[in-house]
Amino acid sequence: MKIGFIGLGNMGRAMASRLLAAHHEVHVWNRSPGPVQEMVDRGAQPLANPELAFEADAVISMLADDDAVRDVLLRNRIFERGSRGVIHVSMSTISVALGRELERAHADAGVAFIIATVLGRPDVAAAGKVHVLAAGEPSAIECVQSLLDAMAQTTWRVGTQPHQANAAKLAMNLLLASAIEAMAEATTLVERHGVEPAKLIEAATGTLFSAPAYSTYGDVIVTGKFEPALFRLPLGLKDLRLALEAGEGAGVPLPFASTVHDNLVDAIGHGDGNKDWSVMATVARRRAGLPERHAHAA
Amino acid sequence: MKIGFIGLGNMGRAMASRLLAAHHEVHVWNRSPGPVQEMVDRGAQPLANPELAFEADAVISMLADDDAVRDVLLRNRIFERGSRGVIHVSMSTISVALGRELERAHADAGVAFIIATVLGRPDVAAAGKVHVLAAGEPSAIECVQSLLDAMAQTTWRVGTQPHQANAAKLAMNLLLASAIEAMAEATTLVERHGVEPAKLIEAATGTLFSAPAYSTYGDVIVTGKFEPALFRLPLGLKDLRLALEAGEGAGVPLPFASTVHDNLVDAIGHGDGNKDWSVMATVARRRAGLPERHAHAA
Amino acid sequence: MKIGFIGLGNMGRAMASRLLAAHHEVHVWNRSPGPVQEMVDRGAQPLANPELAFEADAVISMLADDDAVRDVLLRNRIFERGSRGVIHVSMSTISVALGRELERAHADAGVAFIIATVLGRPDVAAAGKVHVLAAGEPSAIECVQSLLDAMAQTTWRVGTQPHQANAAKLAMNLLLASAIEAMAEATTLVERHGVEPAKLIEAATGTLFSAPAYSTYGDVIVTGKFEPALFRLPLGLKDLRLALEAGEGAGVPLPFASTVHDNLVDAIGHGDGNKDWSVMATVARRRAGLPERHAHAA
Amino acid sequence: MKIGFIGLGNMGRAMASRLLAAHHEVHVWNRSPGPVQEMVDRGAQPLANPELAFEADAVISMLADDDAVRDVLLRNRIFERGSRGVIHVSMSTISVALGRELERAHADAGVAFIIATVLGRPDVAAAGKVHVLAAGEPSAIECVQSLLDAMAQTTWRVGTQPHQANAAKLAMNLLLASAIEAMAEATTLVERHGVEPAKLIEAATGTLFSAPAYSTYGDVIVTGKFEPALFRLPLGLKDLRLALEAGEGAGVPLPFASTVHDNLVDAIGHGDGNKDWSVMATVARRRAGLPERHAHAA
């Protein structure tokens, strides 16, 4: 398939590489030239401007945030002037409100549009092991399913309106942030009673909580190895803020999200703004008067 | 082994049955006579009073709460007058403070004592599939390991001071309560955006949250089948209160525990006090103005 | 009037002194003898046991907490054997549940009973400037109104069931704790933007918040003078716990009370357990990464 | 003095009228023409565009929110092309971040700039009884003090950097929102124990809480008269969001602000989005299972 690809950050490059590996014809655009050259070296075609990406069978956009999406896609409504029959797949983590705005704009322009948000980090994406939450017309999803299959382990179809994939992504990150905070409180509680946090996490992940969310972040928490970050705190804070906004817009109070937000802000105030977002676990420790844990060399 | 068994509630009977099945000699006591007869029918010996339970190689106590433990065990310090070399295994879910008090009282009396708290419901216990969190002198745990093996799938040793097993149990329930509340908020958020809650839980348990805590309670939440209860709300509220007390005693703020406590109280105020504790998920729905979900017949 | 007075702590002595100053005949009992002697020196009559206090026109009890009330009053139901027509006025800060239990026990015994809780510290009580929240039969309150007038500036009648005065007292302390936490957050927010906390408190107490709660505690917060305590943290924590229990019993979630509880526990974990309860304001500062403020000598 | 006045909403018109009453020469601009005509009828001069407002001794801007300020003032940097020596007084309730941006932009342009935020509603402003929180160079504030005196009862100088007045305003509204939520919880707690909420508010405002914040909003809460709004919920939610953002920017966790935010969202979800923001008090009642209170006709 001929694919236009807009946005070559860490995730974008990993995804585009998967498409190249699956022998698709990939035309790429990025604001800064470095990543473009990297992808060209791997077999992609460079584009002079993002508008040209829509001269394809499908367009995948993977931009950093709401501002980037507004700036690149919405401001000049570049999706209006592409090939007949093109399908746009938005994979950026953005607000539900903006997802909805994109949805309406594409409907007005008569351009097929789905949203497919991604669960997983760049290294997982490079291995094609991320998961995708897709929403939109089933027939439109069907048309690009082979592309999603090239990029992701599984596609979970969550609804027929594209912005629902944004809501689902934010909800998933709320689950994850809550699991981290819960482990932070639980391990601090036992540590203050003389129990090794690692013992609790071992028992938890060996029983009711035998899942990647708990084993991955449980390990980071008990070892205190918050750098290099799996998922940087500012990104986590952004997603929490988007979840709170999505709740605000729909009349859904989210007390856990509010508590996690408070703790991420606490971590920033203590200089941990560039670490993994699970550094929020140190907030519980600090509040309980426990000394900072130092990660051992690997 | 000759075993004294004190407390034949739902959990106690399941555990004692496992010991009988493993061909131990089990002498049982219970405040009310019905459960005693039931266990006698399965091969146990009845005891005239709980003091006699200590004339054994090991005593297992499985009582309802702090009050029952104080009343049956501590008030008359019945553990002081048992066989030489007897080991007492406390399996009740009680406060850390009372665990500590029992620990000191047994040390003063020179009676071997460990605490082995249980993760799992009566039906799981009947199948020998519960997990145990044990704490105390390793040699003492070793002596009763065969009994623990007869009753539980795995024994997780969390520390050398018995009360640490109480702290670990409360921490584990805090993890569980937090997972439930997180699912409640996440499913409500997506439902208000038109996504089926079941779709989100399916994606979660198929990816980062592929663990019993999420599949079991996620299913209860999306079906709204809060009766019959897996774990009754008042028991859950008791454990949350014990966790908050354990935090208070050790200087550990637990904002997630506080939020869950608020929501369990909300559920009680709305007449759901006899349902499964995951009925706290309806609090998030109600606060978001969503109608009550009614469980369909199986 | 002939008055029996049970409990001569700081508050009890101040109240009993007011009654002596108003020329009442005051017979006093206290567990430890020191305070009794002090009151005898001021003109009171000593009692050999608390039961004798009920041989009077009215009895005032002012005990430390639920345990003391249970031990001194309820265990032997000493109120059952007093003078005909005696009225018991309970002024202790106790749980609503215990207030209700006392209410029923007195009704069963046919002894007139009201609860009159006190707003104010011992030094304010000594000057007769405290306020009283009274509940019970209006005619019973009427009978002892002159005594309340001797002890307090104003009597606020809040209901006809005695335990309602306990609920009102706890609610009032929740208002107070919330005002302190609100000032803590607001002053920390502005301080992090370079504004003197004192400037904010000055503007607040000069405008919408021109009330003793804000001026008294606002001053403590901005000067950092948490010792000597106006109201010791463990007492504040006790009252918050009683408020949360009263909410739990009645199905009332209290998120502000939960947050304040978390912060008081945080303060304890940092070694501030013996300071004024407004030391919870340092929690907000610490969480924001601000250095500890040191009180200047007067 | 010759004054340019930008923004004639409810507050703007009230403030501009005070300046006219004090015999200043007031030149007004507003996006929509109706309010301009109203002010012209009272003696003001109309302006063709907002840029002309800066051809004056002082400019007062009173715009609705961040977007309006960006659009009218910042986009074309109209403050750069005014009279020599003009002083701009920003009175809008905006984010601290935007206050800081305006501050820098004026410094770059060499234009004197202060921020003077307003405490009070339009009807209070019309009577000249609002309060002002001012920040900026003391000499600059001095120059416009007579104008502030014409508009406000008192000017509280909170700092020398203009944006500090934004932070102080948001902190003040956080105090106010917290007082409302505290009253909501406290009155619900006593109501569930059979005490009239009005009795508690009467006792509170008669003692420790004898301040306008408590008497004004306490009355609204106990009568349930949330319409017409003193301060509309969306405005309150906006200010809470700005406070949370100001905290986020400065590393200050604000758990009370988060709780209030959750409750305002709950109120919106229940269709109360157009009422007074103290309608958040109904959230506590509803969560406790109490029926809605209906305001009686006046």
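Think of it as A, B, C and D in the order they're written, each chain with its own count starting at 1.
FYI, a contact is a pair of C-beta atoms (placed from the backbone, for glycine too) under 8 Å apart; a residue touches a chain by one contact, two chains touch by 3 or more.
If you're wondering where the values come from, they're calculated on a predicted model, not measured in any experiment.
Note: the chain lying farthest from subunit D is B, by mean C-alpha position. Compared on C-beta pairs in contact, A-D and B-D come out with A-D as the pair having more.
Here the CA centre of subunit A is 37 Å from the CA centre of subunit D. If each chain is reduced to the centroid of its CA atoms, subunit B and subunit D end up 52 Å from each other.
For subunit B, the set of residues that touch two or more other chains comprises 247, 250-255, 259, 262-263, 266, 269-270, 287-289. Interface residues of subunit A facing subunit C in the complex, by the touch rule stated above, are 192, 255, 266, 269-271, 283, 287-289.
Contacts from subunit C toward subunit B in the complex involve residues 237, 241, 244, 247-248, 250-255, 258-259, 261-263, 265-266, 268-270.
Listed in rising order, the residues of subunit D touching subunit C in the complex are 96, 119, 131, 133, 135, 154, 156-159, 161, 163-164, 167-168, 170-172, 174-176, 178-179, 181-183, 185-190, 192-196, 199-200, 202-204, 206-214, 243, 246-247, 250-257, 259, 262-263, 284, 287-289.
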